[in-house]
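Next up, some structures in structure tokens.
Two complexes follow with chain A in common, the first pairing it with chain B and the second with chain C.
Right, the complex of A and B next:
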């Protein structure tokens, strides 16, 4: 539509432009500014320079605890969830007739996702005499203190998110199904076994999707809020006190907006750094078959 | 390269002649392994869905029975959980909170569909100054953690007097604020050939008419996916209402459920479970009616990213 007014396209994206300015760009800049201030909502923001960051990084025990819990949570959740999603997708990808039925069944938990009701359910089935422990004792095993023990609580939250591997799996499955079947046949004739085919043909071809899932899941895991807030409220002994909970408490319970913004920016910096590392390293391991896609 | 491999595999693929013993053996092994696979997948699927099945069953149990057996089947089925849960501990019934959720969801879904379609059309079909940079902001927003912008957004809504109203919960989305959807629609649009649109333009339709009469019908499956995802996400949204809604009168379902955990915790478990079932029911129903759109939406939005 070359003959059109050059600004016609701009008119169509105006809603986005307005939203971007008011609800993303301005808050983004304001948040950076606030992180250098003291602001309790009542007076005006009071410039304190780097003091928030200094306190955060050197003298805040809660932050240290919260950061290590968050990193541990992400390091457990993302690989477990993605590994699981990939494994199930690979199994489903063998020409099974009921593939759609299974795909739907496995996808249901992710659709319900962060719902409060699911968090409630998790609390009940992992309660001391809840479903899981009843199952364990009927198998003759010892019941586990899932949420009461600081050693286990974070892992039980991880299980909740791994249970929701469905959306990552659907993306993997779509990628697996788009792999050219003749490549498999050629490799099998050349004497490759199943593992070789998977390792040297399938895996390289789906690296773009692994990359996409990795980034999306990591960004999401760093922002986990509903699970720990509703199920454990950060406890016991702050063992599930993820950074988003700390930010929420600082901002909306103690109304320490400046300090909360500083925590948010540290979290943002961590996420950005990891994303940039992922993008930078992707040149080495992500295979883009640009010319083979139509 | 492809033709060579096709040539090689041809005899294998088109074997209508009587099978050799070797082939029979292979086929039997394949059947056993696929049987095994079905069994594992089915058992695993049941394990995955059992918490949900249990939830539905347990919502009809008496409080005494909930923590007594791992079975989902209620021995003495009762509607007490639903009847008492519906009343809630507030002056409002649970129906009131469902109504609030609807009042948020409807403008949000419609606003998202309209704004994201317009914006995706602008990006996918036009050249304009600053397009490249603007498109980069779509990708950047996609990766931007909400946690960074949340506090100033709160301050902004406070200053314009929107706190404790539904506006902060849907207006940003109605301005194409969910980059994921914009991105998804652009991906779909790029895959649609432009011939029909160009023909319409030649016949004298303006760009808006072309959008409404040609593009939207072709883009409909994707737009439906967007609406469905937005519906689910809004049903599940907890942090948004938690920050912006303060009076119980305006609570959506997610906050009401959290409130009922906090207030009836001690022993009225079946009420909470029953209301959890009601909170999940709309999402589950919509998903089963329209699962095709979910799978397509997530596959396209994701794979081509």
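Right, the complex of A and C next:
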């Protein structure tokens, strides 16, 4: 690359690099430092060593509760959302009339999904006198206390997350369309039914995309904030008090930014560990093109 | 060249003129609703023109405002003039150094419009951290229409409230409740009852520990349990079925199924406006039984205007504050958008002009006439509030008894405010 071009390239990436340094790298490093301090936002951080981590991991009952709620939320949300997204993608992969319209329509909730307005709408739909209970009572069933019963509240938020399946669905759809059609034809000639084709041809060939979606959805689920903050504010009985809410409350309501940073780093460690486990296990179930096993 | 010289001369002349007049660019931040936003922006324009300053408004709703101000103060980018909630004082200015000392600006701000007692509430270590805007307190609002429909009289005692609940539920149905009690309101109702039977505020002002004994607080918590059991208030599981939604946004409030609450006097219209046509809301004096040793009014300065200690234009900010609170133009425009003004000049002018809504005046009169121990700002410390609310919710869901809840609250609060004792 010539000298001029080299500088031109640097000029192009400079805005991104500046943003990355100031708005991601610096806060990232700063939060790590702050996690070892007692910092109330208004005075100078006071170094306390591992005290925040020690308290967090040994004496903080709220953290224990919040962590177990978060893990349960991730465990429910990720498989449900991926399964649903894959199911819709398979259906939308058929040659139907007005298929593009359907594809767009199913993607729309993802565009709206993370917004405050949709969270508020969700609150009304699942309220005691909301649309869902109206439907249940019209079928002669008992209304459900979706938000007031600690057993149901987290599941209701899980449904909101699953409703935003569009982006995962689009990626699945692209993967399904890239599967070599001749494999399907060969399998059909050999007498395979639809389930066999899906189970032994489609599914193995889209495992890289399943793996990608699994990682992305897991990370996003661990970071969920809007839904529980707006719909239930973490209640009742902290049954929807996900870790990001706890971090927020500690940082901006209790003015304990050092402790909040420590929670954030523990959350980071959990996500990182699960991601590494996923990568390690992927050797056993993800098949790439050119892979000796394929 | 001559042309450039004269142009430069004109620019310099205009600059020096502006400096002589002390023209400043200021920022002012506040939270509130639409009426407050509109009035404050207009008042800032008028006061800015009068004193030759430009003031940039920064306003939000209540939610998230504390977080915003905290972040700004932490970064040293806070507005020159800030509307500060009174319970935030110990958070931002534990030693009185968190805001500019307005005593040093008394040549510009006419402090004689506040009594010494009023100024003491916003002073720490002799430093005046803010100007009190109004005094507020909790009063009962009852939907008179619902009570009338059931043939029940508005209550004056707790016993009468329990009697009215039974009558309302018998006549109108078991989905009617004479009072609301969730979250902060539930905690303050427990506080009210406990203060009435003990004669003490939650926090002892000398030791800065919880003043109530475990037995006293347990009685207050058990009283809340009795209210849920008797259908005076909704049980918590039913109340939470609506999700995280404010009382005045609930259809049950608008149509009178929930027929009362215990709220800040200054929020009267926030609760009366959403009511359906024909539903009438009235402010009611604090309920108490014959064995109460105190009325237990929860009264405090509602909020204050503070000047940033980092402001480069403190004198100009003081001029604007004086205009907003003590001068004719500012008073007229702001009206009662921040409650009934504490400034004597403002209160006199608004009363003379008949600009104060009777219901608001009545609610405020109840608060001002109420008696009880002084309320510590630590009552609303975020950790204190959080411990109280979480434990009360666990009690309401049947996860612990009143004695255990009282013990958890006392121990938790004593630990949370430990730093203020040193």
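Note that in this section the second predicted complex is superposed on the first by the 280 of 294 C-alpha atoms of A that agree within 3 Å, B and C clash if a C-alpha of one lies under 4 Å from a C-alpha of the other, contacts with A are read in each partner's own complex, and residues count from 1 in each chain.
Following the convention adopted for this analysis, a contact is a pair of C-beta atoms (placed from the backbone, for glycine too) under 8 Å apart; a residue touches a chain by one contact, two chains touch by 3 or more.
Nothing here was measured: the structure is a model prediction, and the numbers come from that model.
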Superposed on chain A, are chain B and chain C clashing or fitting side by side?
clash
Which partner does A:94 reach: the first (chain B), the second (chain C), both, or neither?
first
Based on the superposed arrangement, let me know which partner A:129 touches: chain B (first), chain C (second), both, or neither?
both
Tell me which of chain B and chain C touches more residues of chain A.
B
Does chain B (first) or chain C (second) touch A:252, or do both, or does neither?
both
Counting only touches as set out at the top, which of chain B and chain C does A:147 meet: first, second, both, neither?
second
When the two structures are overlaid on chain A, which partner does A:167 contact: first (chain B), second (chain C), both, or neither?
first
Who does A:68 touch here: chain B (first), chain C (second), both, or neither?
neither
Tell me the contact category for A:233 with respect to chain B and chain C: first, second, both or neither.
second
Counting contacts the way the document defines them, which residues of chain A are shared by the two interfaces, the one with chain B and the one with chain C?
127, 129, 230, 252
Give the list of chain C residues in touch with chain A in this complex.
66-67, 70-71, 73-74, 91-92, 98, 236-245, 251, 382-383, 386, 390, 393-394, 397, 399
Touch list for chain A against partner chain C, complex:
41-42, 123, 126-129, 145-150, 230-233, 235-238, 249, 252-255
Please output the residues of chain A touching chain B within their complex, sorted ascending.
1-2, 4, 6-13, 15-20, 22-28, 30-31, 34, 88, 91-92, 94, 96, 98, 102-109, 111-118, 120-122, 124-125, 127, 129-131, 134-135, 138, 163, 167, 170-171, 173-175, 178, 180, 182-183, 185-186, 189, 209, 212-213, 215-216, 219, 222-223, 225-226, 229-230, 244, 247-248, 251-252, 257, 260-261, 264-265, 267-268, 271, 275
Can you list the residues on chain B that touch chain A in the complex?
1-2, 4-6, 8-9, 12, 34, 37-38, 40-42, 44-45, 48-49, 51-52, 54-55, 58, 66-67, 69-70, 115, 118-119, 121-123, 125-131, 134, 137-138, 141, 143-156, 172, 174-177, 182, 197-198, 201, 207, 232-233, 235-239, 243, 253-254, 257-258, 261, 269, 272-273, 275-277, 279-280, 283-284, 287, 291, 294-295, 298-299, 302-303, 305
